[in-house]
Amino acid sequence: MITVLYFARLRESLGLDREQIELSSSLSTVGDLIAHLRARGGAWQTELAPGKPVRIAVDQDMANPATPLADGCEVALFPPVTGG
Amino acid sequence: MITVLYFARLRESLGLDREQIELSSSLSTVGDLIAHLRARGGAWQTELAPGKPVRIAVDQDMANPATPLADGCEVALFPPVTGG
Amino acid sequence: MSVRVQTADFDLGEEILKLRRGNPKIGAVASFVGLVRDLSEGTAVSAMTLEHYPGMTEKALEEIVAEAKQRWELYDTLVIHRVGPLLPTDQIVLVAASSAHRQDAFAACEFIMDYLKTRAPFWKKEETPDGARWVDARESDDEAALRWDSTNGYND
Amino acid sequence: MSVRVQTADFDLGEEILKLRRGNPKIGAVASFVGLVRDLSEGTAVSAMTLEHYPGMTEKALEEIVAEAKQRWELYDTLVIHRVGPLLPTDQIVLVAASSAHRQDAFAACEFIMDYLKTRAPFWKKEETPDGARWVDARESDDEAALRWDSTNGYND
């Protein structure tokens, strides 16, 4: 089980700020997770479409599609940052 | 007649902070003035020796040996600046 | 090294005094304050909300500051970033660095701001006459951060 | 644009507040404070006196600031430089610039400091264990000012 967090525009478009997802042999990397979420269709498919500027952090470090997921980890999806 | 001002290390070495000097046909540029002062010998010759890092301003603008002097102008001699 | 994420405003004078007080080795303090403008991408902005990722924000800022401390000779640094609702002219962010010499203080301060803009998880939502909108990341910010990469020679 | 040469100390927080107050176009304020260190060129410094050339100092600073305003988009600038006797940890100089964006504010602030260091007629005399000595100009300051010359490509 991992925790997935959504921030900013993504949180609003997806109508969700966090959820729990079960890991499996076909869901063990960041890339697998994105594919899994996209398959939900609708806003998920639109917001996470290839080419969309989505950033991913695993346990609060920036990650990429190859980054492995471990049980209990915290994954966050968000748009490019705009602070400062 | 011009006013000549001395600042910082120069003021202390020369023991003078200002003086009036009469212009003439042979004393009409910054270069002439430096030669005139050097000819006084002693600290004047040492402090204004060629190669010494002396800066000159005429009427509060940085000048060079070719800068002409006009009656009533204010000339200042000082070391490289060290503020800030 | 101090990093703070807070809703409260900050007092620049007081913060800089705390940063430099009692250390006679400090010859230079560079600081930067970012403020809410009433205009963004040509549109009037009446208010703004800053969202962040609690936990990761502090971690990202601390990493950015640690990198600055490796690159330059610094005595101390300070980063304060506000979150929550803000209005035009409100202070958003304060970055400061103290050093023996000005070049290190300036470079560190600008480096921290450039990296904060591209790495720290904050997001701005603006209130405009056309409704609320999330601010898009600026390409110029990516470029500003990139110039610090040792590979492109900017710091040679 | 404000340029002040004074013996009195200054209050950074108050000065920056005055600089930015009431202008919601300002998105960035960069500032720099220079302080008296208790060590200079490896020697202990117990006190310092700053001499200047009244009249020319203000003129030189105003020219430096005018040049910064031509180079970058600035709303306002501030230069305060103290003269007279100073002690370690005392503030010597404050330079600040406000702009819509941080790059202009940072660049202007650093440019003004670099040029002030090489063009404004101030001289430091330090009290050391070996007696009083006039500070020599640093070559690194000339180099810092030179990098802003358009001919050497730094600003390309």
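First chain written, first letter: the chains are A, B, C and D, and each begins at residue 1.
FYI, a residue touches a chain if its C-beta (ideal position, glycine included) is under 8 Å from a C-beta of that chain, and two chains touch if they have at least 3 such contacts.
This structure is a prediction, so every number in the text was calculated from the model and none was measured.
> Work out, leaving chain C out and holding the others fixed, how the remaining chains group together by touching.
The remaining chains, counted without chain C, group as follows: A | B, D.
> Which other chains touch chain B while also touching chain D?
Both chain B and chain D are touched by no common chain, going by the contact rule given at the top.
> Specify the chain most distant from chain D by Cα centroid.
With centres defined by C-alpha atoms, farthest from chain D sits A.
> Rounded to a whole Å, what is the gap between the Cα centroids of chain C and chain D?
Here chain C and chain D have centroids separated by 22 Å.
> Could you state the distance in Å from the CA-based centre of chain A to that of chain D?
48
> Would you mind pulling out the distance in Å between where the CA atoms of chain A average out and where those of chain B do?
Distance between chain centres, rounded to whole Å: 73 Å.
> Which positions in chain D touch two or more other chains at once?
Those would be 34, 102, 113.
> Which chain B residues reach two or more other chains?
Residue numbers touching two or more other chains: 84.
> Among the chains present, which pairs are found to touch?
The complete list of chain pairs in contact reads A-C, B-D, C-D.
> Please give the residue numbers of chain C that touch chain D in the complex, ascending.
Contacts found on chain C: 11-14, 16-17, 20-39, 88-89, 100, 102-103, 105-106, 109-110, 113, 144.
> Going by the contact rule set out above, which residues of chain A touch chain C in the complex?
5, 7-9, 12, 53, 57, 60, 62, 76, 78-84
> Give every residue of chain D touching chain B within the complex, in rising order.
34, 50-53, 55-56, 59-60, 81, 92-93, 113, 116-125, 134-138
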